[in-house]
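Okay, so chain A shows up in both of these, paired with chain B first and chain C after.
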Partner chain A sequence: MTNAHPRTVPTRRQLLTRIGILAGSGALYQAMTAMGHAQGTDFTAPPVLSGVKPGTRVLVLGAGLAGMLSAYELRKAGYHVQVLEFQNRSGGRNISLRGGDTVTELGGATQKVGFAPGNYINPGPWRIPYHHQGLLHYCREFGVALEPFIELNHNTWLHSSEAFGGRPVRYRELSADFNGFTAELLAKAIDQHRLDDAVSAEEREYLRTAMQEWGRLDAGLSYGKGALSSGMRGYDRAPGGGPDGAPTFSTPFARKDVMRSGLWTWLAFHQRMDMQTTMFQPVGGMDMIGKGFNRQVHDLITLNCKVTAIHQDDRGVRVTYNDMGHGGVVREAQADYCVCTIPLPVLSQLDVQVGAALRAAIMAVPYVSSVKMGLEFRRRFWEEDEQIYGGISFTDQQINQISYPSNGFFSRGPGVLLGGYMFGPAAYDFAGMTPAERLEHALAQGEVLHPKQYRKEFSNGVSFAWSRVPWSLGCCSMWNEQARKTHYKALCAMDNRVVLAGEHASYVGCWQEGAILSALAAITQLHKRAQGVG
Partner chain B sequence: MTNAHPRTVPTRRQLLTRIGILAGSGALYQAMTAMGHAQGTDFTAPPVLSGVKPGTRVLVLGAGLAGMLSAYELRKAGYHVQVLEFQNRSGGRNISLRGGDTVTELGGATQKVGFAPGNYINPGPWRIPYHHQGLLHYCREFGVALEPFIELNHNTWLHSSEAFGGRPVRYRELSADFNGFTAELLAKAIDQHRLDDAVSAEEREYLRTAMQEWGRLDAGLSYGKGALSSGMRGYDRAPGGGPDGAPTFSTPFARKDVMRSGLWTWLAFHQRMDMQTTMFQPVGGMDMIGKGFNRQVHDLITLNCKVTAIHQDDRGVRVTYNDMGHGGVVREAQADYCVCTIPLPVLSQLDVQVGAALRAAIMAVPYVSSVKMGLEFRRRFWEEDEQIYGGISFTDQQINQISYPSNGFFSRGPGVLLGGYMFGPAAYDFAGMTPAERLEHALAQGEVLHPKQYRKEFSNGVSFAWSRVPWSLGCCSMWNEQARKTHYKALCAMDNRVVLAGEHASYVGCWQEGAILSALAAITQLHKRAQGVG
Partner chain C sequence: MRRFLFTYTLAVLPWLACAAPAKADTAGFSSHVQPLSSGEDVYRHVCQSCHMPDARGAMGAGAQFPALAGNPKLQSGAYPVYVILNGFGGMPWFAGVLDDTQIANVVNYVRTHFGNHYTDAVTPADVAAQHPAVIPQEE
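So, the complex of A and B:
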């Protein structure tokens, strides 16, 4: 079955462009998060750091998850730990926004969140795959309650402006038809002996049956209107009770429209390791994790410290910072070692005394930006009118997706959905708008998917543009293959007395799990170094 | 693209047999529940029954969901309602078993449930599809809290004794490889111009790209070991953090093994309307629904009434029953109309005065039996050791499936899983065993999927054999096409003053939604008849 294909391998950029053309900007987001990134974890248990020399001091920069976990495990091992945090809160990018919260961004725009009590949006991380065992371990250890996050929902909308007359279709409709037509083409090719050189006589039988059953083909190996297809894609009139309970079948789309739509890209999306079920979220908002971590180490953290320099020599590490809680007065902290979790776009602008390789790595890692929109509506119309309970609708418009809350199902009050989650050019476009303009664009685009209710039920909203966040200057690291090859080892290797941690120092970039695993790797290195074996 | 296929259409029986052969007895269960059954709902709102003549009396037989809902809506409309129930509890097949409960079955075997506090198993219905809007409506109206039921879990096991050396494989592995190889075969056939008569030049390009992206094919249109496939099926060593964070890729199975395994039947399974996400369960056990209904109508229900005869004439309906709460004394209840929800295997043995068509229908509807096993283990090893959070593992052994609880995720105490859910011959085999023998067989078969922990962590278990339940004598109705054609209308049509309700009087058989919709249809008929317009 090998096939010497004559075409050359497309570059990553070409591939992105091709998907982008086929399926809109949403696919860019998908492809960017899929390639060379973050689809698993190698966590088994926390490292055992034994034999610490009493009095050994570690300075941790940043009280996000990587910083707080480093502090937690290092103190447990016997180190003397101090954490400096830029913000007036711990948690880093682990944030939830609730009614009464204020968002102030670079450029000065300020938004006051107007959500009803109990509602929230997570502008940063918002879901936890089942295989992010490091994060899940600490959630359990720190008493953070988790509940299912509905990622795949067969009843959400898929929308392409170029397909099906611009009307959204249900995931189940597209999925059933895509599978059905794929199976029909292959089953008939096999049945007509067109693939006999590639498939043995024995396998032919299995394959034909597999295609027939999986694709819901009729006895003639055709996919079409009837009980088999409606049982997957849905009915025109659903089965009911009593004398008039018989269903009427729906009509599949045309094969060429299904294949041309590009919407099949979202079928594979949900099968990726990092999008598979079962997915989780903390009960009450993602920041319950940050708060859980904070409960363990809050006594070690000093807030409002704007680090300006990290110096080191044979005797130790010396960090200079402005104490923003006291008029910006310059202070200094000293330690034997330093775990630095400052995001690279910020770190690259500081006076950091490290070797050339690490310095080059800090400069080299690209960051991606993103914008998230949290929109509150007066009622959960997506549930009440459209039977959508959690999950994500995708569109080729700039907003890329609408995600419905996985909490508060069936409640009658106002609900908050994710009204846009943009990467790439769309994120920069939205970041360049005023918050009011962003809302207007999100409503205009979301209205295409929910024409009857989106304007009518809208109450208020908030946007979060990561490129305008002063303490991260972007959303997360976006390694490419070349940068990974050249700089990854250097970025993660301990540089004399300084070691970096954070999602950027992992193969699980843009996920909290990356912060967890990088922190464990960093403190393991630090401990070896302190023991004189690293 | 039409294709006059020479083979004749296989009969339902042949199809079942073929799937059974390919994929084991589990597929029988799947096929039986898939064909001619239950994949939607036509509920929009409760019927409005206005103008009831004061004093009109309705006797409802059975206090399951259909009976209680009939009573609720009829009383609301102004009818005088009385409900007679055989058991010493309401709820019918809506049951949950908890520690301390007793199960006594025909034949005399009695089991005392030994689960720890908070644990339960649902021997009857256990999940609610998003489109069962009738049931969901009343859950909301009656204050029954719902939480997600995890149906599809990419990390559960698929097992065939005949495939992969008898070792279970992960759903994600099989799914990725099945899609990949399917896409590879079709993409190459298209690329090599073998399907040019079936696919236009324009569609060729779309199709090739669709297959490449959906199936995670490389530039040569091949599916194989690498970042693309491991990103779906999982890694040998998952991506991590720090210097050694690079993943190592897993090796796909051989195509012929994937296709021969028959396990692809479970890929389509989760895409069926009645198995799609988002699925729900009541918080605390399925019987929270029965209790919610009971709260509305408990004052109308008389328990322990064993109906023996239903007679009717021009003046009314007369039901004879033994009052089992008072030594079985014979009593009579009279009303103007009767809604009868007694399961047909029981009803067919009573003295029921109805016309020939309805009598024939009552006798004609086949019922299916099933057995469910609830097994308690000392810890949730499926979560702690195998990262399985909810969802279902399937096997071709008799137990058919192991379903992991969708509640209590990450808790440390003992957990209860569904250690077997059998239909057809396996159900009769298990029903013929003693409860202790059933447990032993369930453990021996479950051990194949969880060899390290199943025996070691087992604590106690209970089995529920529906064929041995005196008040239903089976699990639920199993209409076939012929019976549906001949008898369905007669079964659902009001017979003078008597109308039937229950899942058997619907196209949503074996689901609670069938009970809901049939009850609404029945009382609508009854009301029309009482108004002289039916």
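So, the complex of A and C:
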């Protein structure tokens, strides 16, 4: 989760560091591991909660993954569990949209999803790293089928309005040229003894050979047009069969254009541990996970409960809520302990009786704004015309990226792609638009990457603006270093009878794994408290 | 981590705007945006995403985006400047995101629109005087 990108023009040292990352340098990997940056999450096994005093009651607020997992493990341990959920569905931010679904956002805009049967978009989480072993453990336990999520595809587009005349280039072209030219510079610098101060004679030999192989350099340590580079970046005329089967090599871009483009940032993007292969997605939509969890605990959940107050004393916890399924009548639920997973922008505005430290922590963590666009096209033109099977194209326009579906390859008929995934200023801007305006902007920007087909094949679309979601008022937690130092432990520590869970109470923020790990940590604390040892 | 580079975007090399790293299940790269100079621009492209185009806010799950229309807390210009710089509850901080002129402009815009009629304008220098000691950086 560290800042792996330079914020200013890279220095020579930073550039070398980047090369190290791209080259998969063992030394760099070891250094990163030593700093704890390249490890998976800390899940090993579910906690064993034994010796529960019969009749001990726990109230769980929120039926997202953190809430449902808390309920599941606590009931298994012998607690008496009740879950209150605001929405008329369980799953929380684990959600998928399909044809016939309705999205109503704050401000009143309502969209009806028009996707064809079988198509969906995941407006929240959409991919799972292989090392999120907590979430994967429960997917397996609850029978949620997973399939590969294609994160990296060398045949997608990279686009900068400021580079290559504003035309998108293929990932493989940019990747091959960036690696090739970088390797050439380094190999020649070594050869010309420019790095003798920094690199021993023995290391120079290894490094030069590595650069030659990695960058596809010729015997003269140059990167240029030929079989070596075309084997990486692609051909003008692809190799064929028969008498005229000979390929024609492609011409690399100019080095200065490659370096100036900034597009190399997307090479490093996929190499961060969070995005490394293999990634997964549930078969049929991300909400298959929420449904899998719901199968385990649905009998414990009461939907349509708008919590307004959480009070506690030496005897127990009292939660006041409006029963929205019954005209908003005020009800009270009581328990010995409470696991609260309510998103912080909402929780910070409720009447919550906790100590000053937790109160301050709840107030200290804002949520990021994010917008996703799901666009359905009449045919899978990205596959049929451009041989793009899954993966992500990136652009410096507001939509930021277009991600192609990782399922249903080669199928005929309509397909849904992610036509925009925004944070920061772009998300604020798009969230402030009407759904129709968002669609128009997404089409106008997507058209730059797919000029021939985008308008022609477009069928319908939906936008999801997280800052306009009534039950979260934002996408996910936004920590900074100071807030972590000052408030993180207080946010996670049990306050008398109340403990918080959710991705915000983890160092795996904005991932479902954070919800899982925080829930396990919360119920472990709760159990210790109930046993009188915590 | 995700940096909202309204000001850097055009000031430095354009691609740096998309060079900030992502966190978590995001490709949290800020994007190429037009410079927002007037208070109305900032309001339309940033604030109204939550506070709504009419500045009347919105009511969610027992919680709200507060209305700025007719909000007595706007009586002192220093208050909205503080909240914009530092954030408040679920609202992110904008220190290091919007510059002092943008913040002054949008505060002045909100305090003179939506039924608000405050005549004392805040200046970029007023905003600078309220900077937090450390500009928060998202992880």
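FYI, the second predicted complex is superposed on the first by the 494 of 534 C-alpha atoms of A that agree within 3 Å, B and C clash if a C-alpha of one lies under 4 Å from a C-alpha of the other, contacts with A are read in each partner's own complex, and residues count from 1 in each chain.
Note that a residue touches a chain if its C-beta (ideal position, glycine included) is under 8 Å from a C-beta of that chain, and two chains touch if they have at least 3 such contacts.
Just so you know, these numbers come straight off a predicted model, no measurement behind them.
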item	value
First, second, both or neither for A:Thr104, with chain B first and chain C second	neither
First, second, both or neither for A:Thr265, with chain B first and chain C second	both
First, second, both or neither for A:Arg194, with chain B first and chain C second	first
Comparing the two partners chain B and chain C, which touches a greater set of residues in chain A	B
Touched partner set for A:Thr251, first chain B, second chain C, both or neither	neither
First, second, both or neither for A:Val508, with chain B first and chain C second	both
First (chain B), second (chain C), both or neither touched by A:Arg237	first
Residues of chain A contacting chain B in one complex and chain C in the other	1, 3-5, 7-9, 265, 272, 508, 514
In the complex, chain B residues that touch chain A	1-5, 7-10, 18-19, 22, 34-36, 38-43, 130-131, 133, 136, 139-140, 146-148, 150, 152-155, 172, 175-176, 178-179, 182-186, 188-189, 191, 194-195, 198-200, 202-203, 206-207, 209-211, 213-216, 218-222, 227, 230-232, 234-235, 237-247, 255-256, 259-260, 264-265, 267-268, 271-273, 276-278, 280, 387, 389-391, 406, 409-410, 488-489, 492-493, 501, 505-508, 514, 516-522, 524-525
Interface residues, chain A side, partner chain C - complex	1, 3-9, 86, 106-107, 125-127, 160-163, 261-263, 265, 269, 272, 274, 306-308, 322, 343-350, 363, 366-370, 392, 394, 396-401, 421-432, 465, 467-471, 473-474, 476, 478-484, 508-512, 514
Residue ranges of chain C in contact with chain A within the complex	1-6, 12-33, 44-50, 52-53, 58-65, 87-93, 134, 136-139
